[in-house]
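As written, the chains take the letters A, B, C, D and E, and residue 1 is the first residue of each chain.
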């Protein structure tokens, strides 16, 4: 553990990240970064995220843009010579970041999207795409007031409609109660 | 006129002995389907009827499977001896007549060249109450060895089941009489005589050199189940058990069916195969023992056959001998 | 009744400070069988030992217990002392009242009582000790060396030069091993063949070295000093005696396109061939898998061409027996196979690197052949796919090594060095080429090693990137290598013409089977186990079997050679005696009571127990039994523990001795 | 007709309804009937495991329990993301008795973890490649397909335990059985950007563009996938990709079941191919 | 020092010569103090340390026993500690089934360098033994009411008696077999003459394992045996073959079905293990109280084939021959452990016992461990490597400190 005083940053308690991540196994070979399809765009590349987590500099890691750029393709975990589940490390960082509400500003949209997605499931049990798009776009607009983004995918809608890919009738589960309780208990524990 | 006692009365009798700190033993159900003579701690455990014969014999209450004779301690290089005594308590033993009948037979061997103090003291301290049989099974052959379902040999009192939980008591000794004093009622009910099993075999002449031994006993695997559940088998081994601090010398049951029984230190074994050991057992029971002491060493209880894992038993061997004689008879 | 003497030592104050030695002596004197109980300040001193000898004589003692320090300290001392008094040394026991008592307890009363207990245990035990005599084993002063690579050659030459005969067994048609195929060697860049070939010739011509090439060890029986080895000489179809190595045969063989094993598939050989021009012996073999004559009775040109009649198509494998006193194992290594196919379920390959799929992804030994002056391209660097000179080469370290997910956690030790060498050689050959090295750590401990790596970077301009490669794909005739540079924190994609993978080292194929025959331990990867990693690095737990070179662990040439000479030295030490004396504390089987279930044989770590028959004096079969070969038994006693009837027993730690100790505690 | 359990997942009930049509029609033609898991819920997808670990186990667990409740031993989840999430949850539950108990209570159904989850390739494999081969009515001889596995069909290998994660071959085997050619190409297991379509379009466009480019470079005239998200990114967004990179792809994107269905003689309409954005040229 | 008013436990430590003994020496050299309760017994290797020694130590009133040797990979003899570890893996479940207090037995690896560890281990063991109080071997605390459901009734064999008899008759008539070992109405039948064949039946009675006859000298003398084998007999034959006791070609096997693939029924054992250890001990004490040492269990067993049983060896006497608690426990522990990884679950011991002791349960303790930990079922495969006398580097050792 790096001492806060020497690193100049608040450090996380180890309990922040689950033990099953086997962080100490990582020897920083960088194979995760090498195989990552989006590493080129990342501010903090995957092996650095793991390193920060190893050092206990979890806060810095969870503020990285890259955790929200991750496409969860599992390439890093699949090829890791030390079987470190790098994708799970990123998931854990995202969860923490979401919980603390301190995701990198540039990635707000992604967070909003994921959040809207979950709310959508909570409401319907299954994804209602129109509702998701509507809610997400509205929230994103309220967040960054970007008008082009608000209407961006509207172009697709008529063609989708024509191809029979847009549903206005929501596909809902019957037993919504259990779902509500599941969400409740999971989110409360978090 | 007869003296009768109820089952409850019998249990009260047993309880009274237990209360006095004395020992009571008799048939009790050890586990489902297994009845054995066991020392009991509560009279409720005693069984008086509903079975043919327990899976063991009562000899253990006179001649335990393991009996320390003396103990020793090493004090430096000095050996300190300490005698052992049999427990001083009186025993009340409920038994089948075929078990009790073994006692007078065994008295001979335990008092022949020297008197076995341990055995004799237990004999004196024990009152044997027999439960006359009212049923038999395929292995019973008391009637073939001169005994019967109500044989009195070795018993201090004989009980006859009258039905309805009542027993007629016929004391045969003063000990027996004393045991039931004030515990019986006068009654006109008496037990109907019961004939017991049919005569299954005429005691044949036992020949030493005969193919029958091999033919009839090859299945024997050489365990001691027959001998250890037999009321009359009485072989024992003297063993020392000890360590650097001390130890004991003890008398343990042994059986002529074990290959080690006659194994010499040289490695030679005069009874080198199981049929030889079987022959020894039968020969001893029906030839050597009667020649030496009079009575035969078998009460026809049938335990040997019931307990033999290989399905043998004295009766079967006797029948085979009988059959082999018949074969040799001119047609 | 035994006559035991007990000698309790004060060890100056060491024992006497916490143990009341006088009271101990007094208490012990009353134990049954104790005829004499005395104490002395320093029992191990000359007067102390003299005291022991005197009392043995005076009290006619037949058993001795010395209560002093650990037997690991002075058992030998006191055994010598009682032996000099005419008593068998194994009739001595020690009670450890110093290390296990006076030094670890403070309460004098308790320590004194414990000391008496410990002595009582020893007294009871010693009553059951039996006189034992050392086992003497004659030594056959010939050595078998398995493996004719640089380590095996070195060991064979050293042993032969010490004056002993050597049988050198090599699986391939020529000795020389991996080193014969290397280009230049780090850190001096001297030509590998230039150093090795003279040694090969020397070995081939040495009057005391008998070469068995194209041969394998089939069976090993016996024990130290007395091994009998069966060697399978594989059918060569060429009579080595008649052949002069002229080359007429292979020059006429029409089958030219067999991938050369020696070139790792980078070049070709014929169906009758010598693996490389400098082969020793310079005698060809016929490859029965491809020879037209042997497959379908065709061709036969070589036979017709050979003027000496040395070709023999009817040749068969021959089994030859050799009697030797020691075995030196120098079976070397092979590379981990990188592709998808793995012969071993514990390993998995690198699908992501496309080895076996893309022709220009090769392993390091293949690269050695490509840059070797004696290689298939005569040292011109041409890539396998199209023969063009590669302008960008990527070298990847730790392929297989240090990769738990692929099944090999260890470091292969030499890759850092040869990869630097490869980058350097490449830059020497292709001046306008780019050499990129992906590495995780550079391990360059060794004389001149670090300097060598720095030279590759600083003078020869190799680009080193700290990171692993994740994926190699082929796009537009280029190998797209996707790696990372973790120092910069960036992913890195390099378009290369050739990729060289520094594959992990693994023990040579079949070494486990050989190890089992020799009863040598090996780890989960098949590396042979030394007896002690520090103090007995070339000995094994099988007496008389030594290891050297890369069969033990990844090693470079200098280390292999050093180990080979060390092993040869050990052999010479052993051969300095005409017979070996072995500890007589070995197992015995009571053959009369043994049930011949052979649990002991299964469990024996030394294969010292064999199935045998008990026969009557007239030779009639009586029964089966297990039997201990005292020449092989090391006295661990595992057989005793697994023997259900306790027919097995161990002299020196017999059942009676051990039980006596436990029972003394009652 | 054999019947197996069917977990459509949200996409197949939403904008990827063409996939559902295709999978149902193709399997029906092979004698496999799909029965939907009663009252299934969303698997949680990236959103759940990015935001809440427990939920990412609980949602699939609920579905596994529902399937168990329906009496299924095996269910088909055509969407690789759903399939992987279900398998991952199952693996965690089977490895940890306490978790199993916790999840049982959380999802309000007894959960044993006994239901196996198949992806579409496995469903076709178990229908029998030989059977498919024998049933081919119209061999697809003009097709040169780039089989595109994407990420989650083979990853993480410890969870999905399906094919070789680096050099998979199972789709090629099926496509080959239909009389079509397959091309060797490099992006078979690369990611298309998956669920970031909406939130981070730039990434998606770039990754998808690379995939389409590489497929074409290796001579493919169509890309075959089993993933609804891949299909969205490669098909629906293809026009956007072309615009963004100023390129012409015109690459038809098929579901594996489309090709099998076509070879078995089903029409484009029956397979929902008419609902794709990019028409085969 | 302790709340156990002056009780000083006696601790016996069996240690290997090369690691733990030297570790203890090092503790001495470094003057690391520890309680004086321990008595070390030096053996060459943990591989030499037999379970009988542990049993004996407790008989000699040890309150705790330590077995300690080299760490895995460090064995002076390469593999002795692995063999030991494998044996303890099977021995512990047996003691557990007996209700033995496992807190009194300790296994550790202590190297020659670990003087500190030796000190700590001895201190901990001594303290724990102090807390546990004096050990009274096999003393039952009251009586157990627990009873096993017992052996299921023998399954009906599907073979046809007429063809069985024909086969047997022909074998005997043609001299292809000297004896046909089978079951009859009353018990086992050793058919020697063709006419004896009529006494054979598939579903006859036998309290013993028929293969037990293969070890009898007088039966061997009759010539090549044929055996009418049920599934358990076949498994027994497999084990006998594994252990070089028979060669299959020397025996004519008449079987109607295979050795059986159904997993053994451990329900009684599972139920027993649900009891508190103390009650388990009480149960066995009650059972063994009836044991008269007639050795019917041994004689009826297909796999007790030693010519001289360990109980009959008296220098030293590992097992007391007397039928008292100590002698009976030692005997039954020994027999069960000798059957560990070998018992084929035929139930002969239980059936043969005249005192009705369900000995099968004890054998099952190791059999269950073999099944659960090694996936090993004795007799399933004659070519399988036996379980004892071999080891695996990956054997579990969570019980070793």
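Criterion: a residue touches a chain if its C-beta (ideal position, glycine included) is under 8 Å from a C-beta of that chain, and two chains touch if they have at least 3 such contacts.
Computed from a prediction, not measured in an experiment: that's the story for all the values here.
Enquirer: Identify the chains in contact with chain C as well as chain E, in label order.
Expert: B
Enquirer: Looking at B-E and A-D, which one has the bigger number of contacting C-beta pairs?
Expert: A-D
Enquirer: Most remote chain relative to chain C, going by C-alpha centroids?
Expert: Following the centroid criterion, the farthest chain would be B.
Enquirer: Mean of the CA atoms for each chain, then the mean for all of them together: which chain is nearest?
Expert: Chain E is the most central one.
Enquirer: Can you compute the centre-to-centre distance for chain C and chain D, using the mean CA position of each chain? Integer Å is fine.
Expert: Inter-chain centre distance comes to 52 Å.
Enquirer: In angstrom, rounded to a whole number, how far apart do the mean CA points of chain D and chain E lie?
Expert: Inter-chain centre distance comes to 54 Å.
Enquirer: Please report how many Å separate the Cα centroid of chain B from that of chain C, as a whole number.
Expert: Roughly 68 Å, centre to centre.
Enquirer: Please set out, as single numbers or ranges, the residues of chain A touching at least two other chains.
Expert: In chain A, the residues touching two or more other chains are 75.
Enquirer: Scan chain E for residues touching two or more other chains and write them down.
Expert: Touching at least two other chains: 60, 317.
Enquirer: Please set out, as single numbers or ranges, the residues of chain B touching at least two other chains.
Expert: Within chain B, residues 243 contact more than one other chain.
Enquirer: Which two-chain combinations touch?
Expert: Touching chain pairs, listed by label, are A-C, A-D, B-C, B-E, C-D, C-E.
Enquirer: Which stretch or stretches of chain A touch chain D in the complex?
Expert: Residues 18, 37-38, 41, 68-69, 71-75, 77-78, 85, 87, 91-92, 94-95, 98, 109-110, 112-115, 117-118, 121, 125-129, 133, 136, 152-153, 156, 159-160, 163-167, 171, 173-175, 178-179, 181-183, 185-187, 189-190 of chain A touch chain D in their complex.
Enquirer: Which of the residues in chain B end up touching chain E in this complex?
Expert: 30-34, 36, 55-56, 65-66, 214, 218-219, 221-225, 227-229, 237, 239, 241, 243, 250, 252-253, 255, 258, 260, 272-275, 307-312
Enquirer: Would you tell me which residues of chain E are touching chain C in their complex?
Expert: Against chain C, chain E makes touches at 10, 12, 21-22, 24-25, 27-29, 31-34, 36, 39-45, 47-50, 53, 56-57, 60-62, 76-80, 83-84, 87, 119, 243-245, 305-310, 313, 315-318, 338, 386, 388-390, 393.
Enquirer: Quick one: in the complex, what on chain E touches chain B?
Expert: 60, 147, 150, 184, 186-190, 192, 205-208, 212-213, 216-219, 290, 292-296, 298-300, 312, 317, 320-324, 327, 348, 351-352, 354-356
Enquirer: For chain B, which residues count as touching chain C in their complex?
Expert: Residues 74, 76-77, 243-246, 267 of chain B touch chain C in their complex.
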